[in-house]
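What follows is a pair of complexes built around chain A, which joins chain B in one and chain C in the other.
== the complex of A and B ==
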């Protein structure tokens, strides 16, 4: 395999694909994101069949495949289900490593939320810890309007 | 009633971190040529082609068309499938279904990837929801690490237990001339390797690889004539799960889709005691911890007792149920090919063609696939044609 390069030099064609996207959140997620922005409140949607409160909210319950029903208030506090400390910079990360990536179950929700932890040493994080949302001063209607969760 | 079908030929490249000497079509051609030679077939024997990879790794979205120099798909029915990590097992299941349905007699199935050609993390990022998951994307490693963390928390397993899995697979890889990383490691070396995402270290993780794999599925009546020992498909089962990462129940780190798919596979094949009845497993194990957790989900050990099975040597070559004699995914990971290599390796084991990594007397082997939002494919192969 190596001797092929005695008579020819490898040519590498370098390029990049840059495609702008505009992802529609849809009515259900839009309502959630605007409430988060304007009222600093989390909303879930309850499935009429399995009674699970889905947060992030969905128009359709993924478990039962029926349209979800009522909006339900969900607390801005909850518990760490699991976590990891991301230590290697992959170049496309929300923060500079090391940072804590966690799955958080907010009180009143039956599904988790992926988010970041702050105001705590990474080594001190434990599953089961109670945490609370810290909102950004300037909010634009996206999930990062919550800057991070901090220990209660 | 579906027709019975079997793998009659396999081929794979000698997997490497980077193959500068071949382009994408050429690396595919290498695996296909080896596969056809193995089965003493020509491209004219092939009725249809199914090919797959992960689009964003090479940035080519019409692979079915673009790859005909490699696949031999010119003027044949050809389609492309992409399902993330499970691409290779989806390909295998599709090839099997195409033959079992009666639509085609001989189907060439190809999985490939030139991971060296792009930014793996950037490409994997596109597999996650842009509004809910991508803003926090901490890499595929962090996504797996959270399951290991839950498993440790619930059962008290340690990084040393996971390191033992890594030691096993990396030792097996030294016996496989096709494997990418062929270097033995010690438990101490695994534990001392850089921490990527707690508790997962560099030597717990799979690499990124350039490589390709091809297999031919043939129908009963034809398979026996083409091949002295076809690897018969005994059953397949597939389970998909979630939209968003956080939908999963992380308690204990269990892979719910693996438990469900395995149960269905065992029911279809008639397996009552998997640990006793299965002779070899090629587990799609992207990191060492999966070699502890997922074998419990497969019903090989009780919850929390996977480490015991591994420490006792049961899953080593020479043990009662060897896992990953090929060296597995942590030794070779050309992503679109990775799950297809699992099936190819089981076929080699059944055919007695696995060389230094041969497990004696393989009558029943299981291959698995794993992908994105925690989904699973399982495939069982046997020496005897199923009744």
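== the complex of A and C ==
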């Protein structure tokens, strides 16, 4: 290809899209998040069809396409199903790398929660380890009201 | 059922950054090449499917911006949001509906123009997940760890895939990266998200691809070397990562089973001559070869180590170099289809596998960590 840049210089238009949103969490997620904030407790919702306890709770069971039923208390302790050590700073992370993401299956739940691990050397983390939630001092009704999970 | 075929393919080279074309302009040369390849003009196109993602393009209703360069003016156009293999599925359905004899399907993205972590982070649920800062790489690393733990897959076995695909790409003139990487080079590359190292991850590329799909009547009239669609299916798994067992690939197994049934395939390892699969990460090629039934569950690592998936092996996988060498997001699945067509025609040049290709498989993925899979079986007759 001939060099098009001999006669014209490339122009780059820098921009970004900034659009505010105010997502309604809905009744189910609101109850879950407010219980995290006020009582430092995890709530799941049980599917009347498959009997799975969904945590975080959903209004509709993702497996069965039916509305979920009873609220169920779920432990603040559980098991690491899988994990990764994030080493590259992407600019949108809640912690400075290196830090650990994990999928954690809390006792009493049938689904996993993606969250952060803390108070452990990243190199020491293994699947199957037991961990417990550490709550933030100041809680605002968000998933990061749980600061991280630490080894039991 | 009435048959349909892919009668034209065209693509741009994939690159780290295209400066000569703005993103809609990038689609035009791919469309022109696909029409030329089919030996038809834009007047022979009855309808158009563009495949795009608004976040990658930085505008809403992104399809509207690429309509003109896809020849959409005064035609029926629809857009699929996601991977191009899924756009092609819709395009084929339109041909088989009886309303259209031909569909032009385009897919593209210019990953160089934004930051992939920001975009893929926005794929996660804003209430429960997004503020954790996960992106495609960290989410797939969670999947890699789970899969590798379950089946004792080693990092070296993943590195075998990366080395193979990068070396295959040396023969692909459209590839973004041309790197002669050994297993040791991959193993020695820097850790990004354990266990994923730099060369376990695909690059983010710029690129565009277009294919023309025709129903049987029009395909016969167009002539050339049609690649017949023998079977195609897709299936989706759950959205939240914690709702899935990330070591499993039941959605892929279901999609493959249906596509194989339609194509009359009972032993995929023996009956498929070449496969182009969605290897966004090296471990994914191992997982997907298992999910596609090319080996037993947990056998992906051994299959790759045995050399069977190499260009001269009995089931070559990604002779084009796959996504590990070129990953224009959105276009990647449709490129797999174009590469499968090349193999069937015997026009893949240095990528051509060393056997008569009668049946080829192409595979696309949508969503995070292989949430949704689309499997295509293409054949000579």
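Throughout what follows, the second predicted complex is superposed on the first by the 150 of 152 C-alpha atoms of A that agree within 3 Å, B and C clash if a C-alpha of one lies under 4 Å from a C-alpha of the other, contacts with A are read in each partner's own complex, and residues count from 1 in each chain.
Criterion: a contact is a pair of C-beta atoms (placed from the backbone, for glycine too) under 8 Å apart; a residue touches a chain by one contact, two chains touch by 3 or more.
These numbers come from a predicted model, not from an experiment.
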| item | value |
| --- | --- |
| First (chain B), second (chain C), both or neither touched by A:69 | neither |
| First (chain B), second (chain C), both or neither touched by A:48 | neither |
| First (chain B), second (chain C), both or neither touched by A:114 | both |
| Contacts of A:23 with chain B and chain C, given as first, second, both or neither | both |
| Shared chain A surface residues [contacts with chain B and with chain C] | 1, 4-5, 10, 15, 17, 21, 23, 25, 29, 56, 62, 81-88, 90-94, 101-103, 111-116, 122, 127, 142-144 |
| Touching residues on chain A, where the partner in the complex is chain B | 1, 4-5, 10, 12, 15, 17, 21, 23, 25, 29, 56, 58, 62, 81-88, 90-94, 99, 101-103, 111-116, 122, 127, 142-144 |
| Sites on chain A touched by chain C in the complex | 1, 4-5, 10, 15, 17, 21, 23, 25, 29, 33, 54, 56, 62-63, 81-88, 90-95, 101-103, 105, 111-116, 122, 127, 142-144 |
| Residues of chain C that touch chain A when the two form their complex | 19-20, 58, 115, 117-118, 121, 126-129, 131-135, 137-138, 141-146, 149, 191-196, 238-243, 246 |
| Chain A partner contacts - residues on chain B that touch it in the complex | 20-21, 59, 119, 121-122, 125, 130-133, 135-139, 141-142, 145-150, 153, 194-198, 200, 242-248, 250-251, 253 |
